[in-house]
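Below: a set of structures, written as structure tokens.
In the two assemblies presented below, chain A is common to both, partnered first by chain B and then by chain C.
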Partner chain A sequence: MKKAISEFFKMVLILLAGKFKKFTMRFKKTKTMKDYMMVYYSQAKSARLTGKKVAWITSGGPVEPLIAMDVIPVYPENHGAMIGASKMGGHLCELAENMGYSADLCSYARSDISCATINGGPIGGLPRPDMLVCCNNICGTVLKWYEIQARYFNVPLFILDTPFCHTEYTEEMGRYVRAQFDEYIVFLEKACGRKFDFDKLKEVGHLSHQGQLLWQAVLDTATHKPSPMSAFDAFYHLALIVTLRGTQDVLDYYTWLAGYMKDRIARGIGAVPNEKYRLLWDNIPIWHRTRWLSEKFASHNACLVADTYTTAWCGALKYIDENNFIDSAAEAHARIYLNIGVDQMAKMVIEMIDKYDVDGFVLHSNRSCKPYSFGQLDIQKIVERERGIPCLMLEADMTDERSFSESQISTRIDAYMEIIKERKNKK
Partner chain B sequence: MLTAGIDIGSITAKAAIVEDGKILGTKVIFTGYNAEAAGKSVYEDVLRENALYKSAIKKIVSTGYGRNSVKFADKTFTEIMCHAAGAYHLDKKVRSIIDIGGQDSKAIILDGDGKVKNFVMNDKCAAGTGRFLEVMARALEVDLDEFGAISLKSKKPSKISSLCTVFAESEVISLIAKGEKRQDIIAGIHESIAARVASMSARLGLSEPVMITGGVARNSGVVKALEKKLSMKIEVSPYAQVNGAIGAAFLAASL
Partner chain C sequence: MKELTQLKKVVSHPYAYIRKYKKQTGKKVVGYCCSYAPEEIIWAAGALPVRLFGTNENIHLADTHLQSYCCSLVRGILEEALDKRLDFVDGIIFPHTCDSFQRLSDIWRLNIPEQFHLDVVLPVKLDTPSAKKYMAAILEKCRKDLGKALGKDITQAMLARSVKTYNKIRSLAGKLYELRCANPQIISGTDFHAVIKAAMIMDRDQYLKILTQIVKQLQKAKPRKTRDEAKRLVLSGSVCTHPDIYGIIEDAGGVVVWDDLCTGYRYFEGQMNEKIAPLKAITARYLKRVICPAKHMELRGRGENLIRLVKQSKAQGVVFLLLKFCDPHAFDYPYLKEMLEAEKIPFMLLDMEAELPPVGQLQTRFETFIQIL
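And now, the complex of A and B:
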């Protein structure tokens, strides 16, 4: 108990020291965001003291039933992003490699696995889980990763298996995934030792849906020229829809944020002071280099106005029926961006290119994330064919800073911007 | 008007002076550990050798990985732009460029006006670059400049299957131990580098005519292996190694 309390205070101190603030914000400091995240992690860290249960869950997993059961969801992937932003990924990955894990394994998995053994990282490790919830709609890596952690912490693991939607979503798939939601509920009842609260789920489902709509509204403000926000801002503000989806906090924050962006539009303030070129970003951010990249592109008067990554947290909106949350959740979880075929991904990318009216497409070929990076070359070719805009592929890793070469990336971006400028000036 | 281009690469620093579309002189020195000093001395050398005063030069463009350390340059461009400008100036028909330098290789596609349409770079790995050849030359105890001529004698190039420079080096050593002919091993090395560069270029889709630039272009064995792999004729730039610097000097003229 004593240890838990001192750990809790240690974390609060670290957060207060500003370690958590790693992202570039060109506009008014959003204290509220920091506050929300601090309260969230404090509550999760002190769950033992308050008698609440903690579940670790994958980013694409159905979190709403957990919230309905008053379980605190914790996201190792969000933690991975924090580790990356704090430039602690390389060290933690190395530790995992010393434990015998391959350097080819996703760096979120590597850093989480090693971090759990030493309570390291920017917040002294995640709180110990009471259960794990893993949905393989994002990748196959999470299955083994969560199995390892279930063994390590000796806690129950629930796996939600979503078949890959190569071309379509069939009725059989629907039934198969839907049936697992019933099993999920049984799992939660057992883990929490009480009956599932369906009324509460309705409420949470509604909040979750509203939150996603608001997140979409925030991202939509970037269609304006100049864009009031950049993808780098979205990477920062994303944390709430990831971690607190299904709560009122998300609605409060994004209502404010959407209003704030609209105000910037009204006052003609752009994220990049002299926005001349608009770009679309693909894949997970290079967390340890967001500031550098943002400044690099801004030095060319280029704004990354949108990205496929943060859009994923409202990308399945069209499948959600807020009045029938659990039935529609099956489809919404199966048909997310990383669980569909390359042709459909390319179609979504092209829709974004048109919607945000961008001059170029920047793809981060992410050494860690195979499902995100595997089809990129095909998507790039489709984009070049269909829209004829220049594309740039950058090779890096979201968390492991050892896979980043500044001078090489710098040359590629400079050369790419030379092409973009020439194209645009020719028009 | 006289203009200068300075290309600071990872291994060598190059300078070129051009006047009204004509190349007056070029110079190559080793970069060493101080890119800024290398930029200065290669520029001073090329001026001295061509009996020119600094004041005669109207504009200077720098390029290459060390482009930002050339403080006296009027503007910097990436080597992609400069190689394109250099190759286009030599032959207006050129549509694709393959550049193999000491530490990276790249493929560039040009439009009809010599503007860059697209490019790819391999800069993560030594395989497919001049560095790969250097390592192999050491293992074989052959002067790198003789590589081309020796390999052309080969009838049956050895198979080098490793994609990694370090593994390929041990593969070469075991081929030596097996008694394979030197010319065959060298030809095999050229085929392996050609395979790397060809698959990188295939991502872009090359269109003819293709010109090869960069230090490795002087190796006729690599050029031949690449032609075979790509099933295309490749024109070797007469200014292979200084093509980037020449391009920079031409770009300076249009500032």
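And now, the complex of A and C:
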């Protein structure tokens, strides 16, 4: 059984990795991303057999306490990305629409909701959860989505409510979020039927912090010219910091990856062979078109060197005290990129523009994700005012490929690149 | 009824009423867009809380800040603000609700600097001890911040007075709902809607007086010859900014006997305890009232409430009014629908874009639905 599952995964992951073929081929390592993900998903899928509990958790949720309790965390959003990358989003979304869910809702949510009822998608559905952990620091969608799954699977739901920090993180908020970490622990003790292991949490908290630092180190290599990696590479390698945060595997992999990138720098190898233009990406990738977009920009000698999305997994590092996981986790979870005001987001974008020294800013206006996308037009205005670089907004959806107009987007990118080139040549 | 005429005038030209009111009283006006805005505190401070409904007409300024997939309510409110049509507003208060309003607050703060701006970041889940504590703390913070913005110390006595007024308004509105539910003919749907809407616009003391009169007269009114055949309906959704709906439903042979709208019964529901500290009483009501789908309480609470409303009001069907691009309501619809199906309660879904479909077309849709009841 286990073998069959793992064979199956191998197939799926090879399929998915095909999207990043150019990248994986260059990679020679005993344990690849594919291996890690395969082991991870087959362990999760066989939890029933091994007697482990499975929790579904949102991408920005505190996973460390779960790992400390030996619960396998599963991320519907990561699953959503896989669904998108394998171009199965449109079909699954349509099924959800037949169930009565509006086509204007987040496509991760739509595809996950329908996928759960048919065990469809690229990996035959996620393993059934024993509990659900929802942190609303990314959006209000996850609250509704997890309520739906809690009704469907009839399992306990824990909500970590992180008040939105429009302009400030107040004392009241701090007390509230901190108190919920205690409630979270009580919830886990009840769901697992045993005492919480605080020593283990310390260890996991430490690993998680290290993992985030290493992820930051990987992303930082893109400051070099030419950049050894592109945002599309980051989209691919992100999977581990999302799904295995808090484990040694993350450290092993990103230590190697950072070294690999540094080696490329030393040898002067860039992600885009003739890097002339450097761009910054905003919002979730268009999963069903990553490869096409990557090639499209590369054909203009443009490299998307960084993005606001993958940076979010190390964006709250400044609030983390690795020796005091729980107390600092409250603040770190409340103050992530999507849970702050538009002006603060713009400030972070400008910091990235300077840090990575980019020539342009490409914004994916993502129909699925309202909290990420509303405010983008203001961020664009602020960037244009403060840094004077050209911006391009592309309207699409991260997972639902049905309305994507390749020719239209292609034309827009061509026109945009002309502006970038002209501006740079003038300098 | 002259009181009714007065209210209808306010509702059809709310901004004219408010401008005049400001001139006459010198009071400050605080705008809000959601029934979780702690109005009681605003009114206690001697300012007029005014609910903003936005516009559907001639949207162009808001489009430079919000993409096409934003609900018409958020877009319409921003349009009016950017177009300086809300210049009578001294300040705006944003309680935390959905993702779209969350971002509207940011956009507002960055683009409309001439008004004071207050975020009241309420908890999203309401059913745990820490959430309750946080709610109390955040409303106390709101009291202080609002006092600062209005240059006033909002005292216990001021709050207590406001709580009393709101309790009276809400209990009278509840009576009005009951009267109309028992005898839908005593007041037309359109007029009823005007009475409800005025509660969110007018000077609350003045409104209380008028409402008292209206309820008194309706209590005496003999129902006109009953149209027995009119099918009884409950409206469910977020905001009903189209007063025409009531009339169209009536022309199609139905009558709205109750609602589950945030600009309807959900706004009036629940009394505050006048025997405890007023802020505590205000907090308790916000924690207890039937939730909006952007908040979390019980997993099936909204469905159970809807079924209860249908049964209590002896309604024969439910009409869902869902605003396009409204996530929280759209996520709840399938489960509400399922619960209604299990109870064999017929329902229909009306997706509302910024513009309603032509009246004729709407009426046909309602007629088709009403015929099966």
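We adopt the following convention: the second predicted complex is superposed on the first by the 396 of 427 C-alpha atoms of A that agree within 3 Å, B and C clash if a C-alpha of one lies under 4 Å from a C-alpha of the other, contacts with A are read in each partner's own complex, and residues count from 1 in each chain.
Simple rule for what comes next: a contact is a pair of C-beta atoms (placed from the backbone, for glycine too) under 8 Å apart; a residue touches a chain by one contact, two chains touch by 3 or more.
As the structure is a computational prediction, the values presented were derived from the model and not from experiment.
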Which superposed partner A:Ser405 touches (first chain B, second chain C, both, neither): first
Which superposed partner A:Thr58 touches (first chain B, second chain C, both, neither): neither
Touched partner set for A:Leu377, first chain B, second chain C, both or neither: both
Which superposed partner A:Ala415 touches (first chain B, second chain C, both, neither): first
Between chain B and chain C, more extensive residue contact with chain A: C
First, second, both or neither for A:Glu395, with chain B first and chain C second: both
Touched partner set for A:Asn78, first chain B, second chain C, both or neither: neither
Shared contact residues on chain A - chain B and chain C: 377, 395
Chain A to chain C touching residues, read off their complex: 99-102, 104-106, 109, 136, 139-141, 143-145, 147-148, 150-151, 157, 159, 161, 163-167, 170, 172-173, 175-176, 179-180, 183, 341-343, 365, 367, 370-371, 373-378, 395
Touch list for chain B against partner chain A, complex: 65, 77-81, 104, 115-121, 123-124, 203
Partner chain A, residues of chain C touching it in the complex: 64-70, 96, 98-100, 102-107, 109-111, 119, 121-125, 128, 130-131, 133-134, 137-138, 141, 293-294, 296, 299-300, 322, 324-325, 327-328, 330-335, 337
In the complex with chain B, residue positions of chain A that touch it: 377, 384, 390, 393, 395, 405, 407-408, 411-412, 414-415, 418-419, 422
